[in-house]
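Contents: one structure, followed by commentary.
Should a chain be cited, it is by its letter among A, B, C and D, assigned in written order, with residues numbered from 1 in that chain.
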């Protein structure tokens, strides 16, 4: 059970979440890529913060849980950046993706 | 709130450990000791299968094309299946269940002074999933097309298309078994971590926890943090195999290198996942038998943290020449070579522990020292492979093979024997026979070196792994090299024969051995303060801890040990 | 040290061998130091009646220096290893010296195809010469290779050249080598590629100029006898089993046994 | 119900059940995070097929987000209710949450059917492979959460295991959180 702390006003948080949802749906309608990214992912981060902090009571949780969750995100970042040079490019130092420019030998696939 | 807390309080008083019926004691146990032994015995049975496989393919290499006694003819497909499943079994179904799940289950509650794991039924569930995974793996050997033969790394597209691997269901069952095994250890791991974090005996501070428990928990955390992406990868691979998606197929827009990254992001921490428990067990054994306090408890612990942290940023050294961008390789060379620093420091601390000790070469101590000596060779040869330029020559050669057998064999087999012989009195309440134990040690340790030392030289001669018959390569088919292969194989046979000594000793001692006292080795940790074998519920009155686990030969005390739970005067 | 076990036949083989030597010296020093300490302690500090073990916590500086100082030395030597290694790596994998000749290497289950650029030195021109399992090279010329795969991962590995590179389907990976010794060498596939992985070998022959032209002419005329096939029948050193293995493992037999 | 004494110790100050749920979620982050990372790697690479994100129905996704957010609210209200000892109200809120899960799955099924009818099957290209894998894995978590919630609701009615409302709540919020990220990835961001 959660220890003694005053409850946040859950309904209010929910209202905020709905407002954010509306923004993230409306955002892409302007068809500006930068705005889409900000409204889509920026808002997702804010929303997830609200859910995690208030609904999951992370705001009132011990530091070790924060540490744990942050660490897992960081490790995923490490994985992303270690893998990106191979997967996010179509050519690199002494290799090219020959599917993209059709220079490959015919594939027996 | 108040009502709920009351419910919790009521719960905690309700527990009393009565003796259970046979069904609930041995078949559907919730007792962590029985579950631990189930893991250990399952692991040992799988080790016999894995050892048998190694016998079959080593015989094929030494005497190519001949019928292997007790097995039959080993063809190319069968050879691939044997090496693949030898690797898979030894890592996932022997090293992990025995060292982490088996000894973790057995030791953690005993060593931290509580009556069971925090979630006993979750513990049972995780064993049952593990058992199912082992059965699925064994079933995969018998489906049409035979067992999976794409090496334990199972690189796609070979593993993702039956058209390439020729083992349609073998490959799918293999990945299913591996994924189930991961899920089982995730559940078990959560249990281990929460138990150690929350259920320690009163008075046991972080720095009073025995190194064995610390290291098992660190290993489990490493496992949990690294395996997630691979579970996702396993789902993707399974869908490639069965639904025809193309996550890893270049023609469908996927990328085979993605699997390699997913696999090794798990695969390298995995090395430390199995290393750390053995390191912990060895720390406990050498301190007991040299009557010394562990040299630099904190240092050892911090080096383990450093190793664990670094292990997440070195994975691409398995892929130096696998098609990754060569510029990236340089980064991974630096991190890889850096990981030798904490490990060297840990090794130095272990050796420094022996300094000024009063060393008694009982069987567990022999195994522990054997581990240190063998792992030293495994460790230093790793430096060659961490250097990317040398990896151009050594990648996937017998040098790599010899290197990782010099790490995994000490970790898995030697570490397992150290732990089994050390805790045997506690597990079964009987002592093992010392003479047979020593015969078994030398009969394993010497042939082990005879198997794998020559393989380094085969690697230098340019012999590649996973080739079922070297007679096809004129440069490698010389009589000299063949003699080395035959020598290694015969050493393996000798080693396997000596395991019979252990099996005999194990079962005879279990029933007929000398009765073991509570604390046969005069050790400090909590599990030695209770009867051997411990009753259901472990401690009659739950202990309170007053000091660290390694207070041996404290000046001014008559006894050279000082149990953790002995109240100060 | 490696050249004691296998010939070194390319320009950078010596660099790799030297790197091996450097690392061997460094880690050999550490290995014998550590191993010596381990063995010495085991012998010196055996249990004697009436002698109590020392109580050393290993937390004070006077004690920890025994593990810290060696550990600083390890760092220093690590830096040396990293530096030497990166020099060699950059030379072999990250730079492409100007080429004299070009060859395309294509792996497929379970055979190697080589497309030699021919006299004009360009691929995809009519004078290309294609061979299966036989790579022919001219002595002393810097070759660039383009490595491709038709199906699964393969690995282009020539131990005598100290050369190894995975072939990844969907990618063209380039690299270089410069043969410095005539003769025929093994090429092995070094990445698990399925049922026939064990037999996926080829012969790399380094020719002098005249012999190279002769061979190329033979190939064009169709009178060429495969070096790879010729070699496989010879000197296995195990006379009793050779013929048996040979029959059993011919590619046709293999294929027939599968399909 | 009784369990070993170990279960009721709390050396960290966090109840064991909650600690375990957090560890479970950490490992879940790696599983979903691994998938999302792979998705991003391919998407940022400009792999062909990812423009199909425009074909997914933003409306359906938005309604589903709304449903999940609301069900999150109801499970957190259930937690608040059980802290006040109101078992009847808790029971009702848990079933509201399960209802939310059912609506979510209903809309999901409708979406899947529509896509498959239009020929966007899992093998069409990488985007659809990821779409079905990620939403499918998420849906499995939704189903699992609903089953556990139903079991817990009956425990509550009988009057024990009150702390489990909070645990399943945390899990359910996590499922919600995953969806919050899947929504922009699969529905909105078609750049």
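In the analysis below, a residue touches a chain if its C-beta (ideal position, glycine included) is under 8 Å from a C-beta of that chain, and two chains touch if they have at least 3 such contacts.
Small disclaimer: the values here were computed from a predicted structure and weren't measured.
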{"item": "Chain whose Cα centroid lies at the greatest distance from that of chain C", "value": "D"}
{"item": "Busiest interface, counted in C-beta pairs", "value": "B-C"}
{"item": "Distance from chain D to chain C - Cα centre to Cα centre, in angstrom", "value": "49"}
{"item": "Separation of mean Cα positions, chain C and chain B [Å, integer]", "value": "30"}
{"item": "Centroid distance [mean C-alpha coordinates] between chain C and chain A, Å", "value": "42"}
{"item": "For chain B paired with chain D, centre-to-centre distance based on mean C-alpha positions, whole Å", "value": "34"}
{"item": "Numbers and ranges of chain C residues touching at least 2 other chains", "value": "93-94, 151, 169-171, 173"}
{"item": "Sites on chain D at which at least two other chains make contact", "value": "12, 14-15, 23, 26, 29-30, 33-34, 37, 41-42, 83, 162-163"}
{"item": "Multi-chain contact sites of chain A, meaning residues that touch two or more partners", "value": "1, 72, 75-76, 79, 83, 87, 89, 93-95, 99, 107, 109"}
{"item": "Pairs of chains in contact (touch as defined earlier), listed by label", "value": "A-B, A-C, A-D, B-C, B-D"}
{"item": "Of chain B, residues touching chain C in the complex", "value": "63-66, 75-77, 79-80, 149-151, 153, 155-158, 164-166, 250-251, 255-257, 290-299, 321-323, 326-327, 329-330, 333-334, 337-338, 340-341, 344-345, 347-349, 351-361, 369, 372-373, 376-377, 380-381, 383-384, 387-390, 392-393, 395-397, 457, 460-462, 464-469, 471-479, 482, 552-555, 560"}
{"item": "Chain D contact footprint on chain A (complex, rising order)", "value": "1-2, 7, 10-11, 13-14, 17-18, 21, 24-25, 27-28, 33, 36-37, 39-41, 43-44, 47-48, 51-52, 55-57, 61-62, 64-65, 68-69, 72-73, 75-76, 79-80, 83-84, 87-90"}
{"item": "Touching residues on chain A, where the partner in the complex is chain B", "value": "1, 4, 71-72, 75-76, 78-79, 82-83, 85-87, 89, 92-95, 99, 107, 109"}
{"item": "Of all residues in chain D, those that touch chain A in their complex", "value": "12-15, 22-23, 25-26, 29-30, 33-34, 37, 40-42, 44-46, 58, 62, 65-66, 69-70, 72-73, 76-77, 79-80, 83, 162-163, 166, 169-170, 173-174, 176-177, 180-181, 183-184, 188-191"}
{"item": "Residues of chain D touching chain B in the complex", "value": "1-12, 14-16, 19-20, 23-24, 26-35, 37-38, 41-42, 47-49, 82-85, 122-123, 125-126, 129, 133, 137, 160-163"}
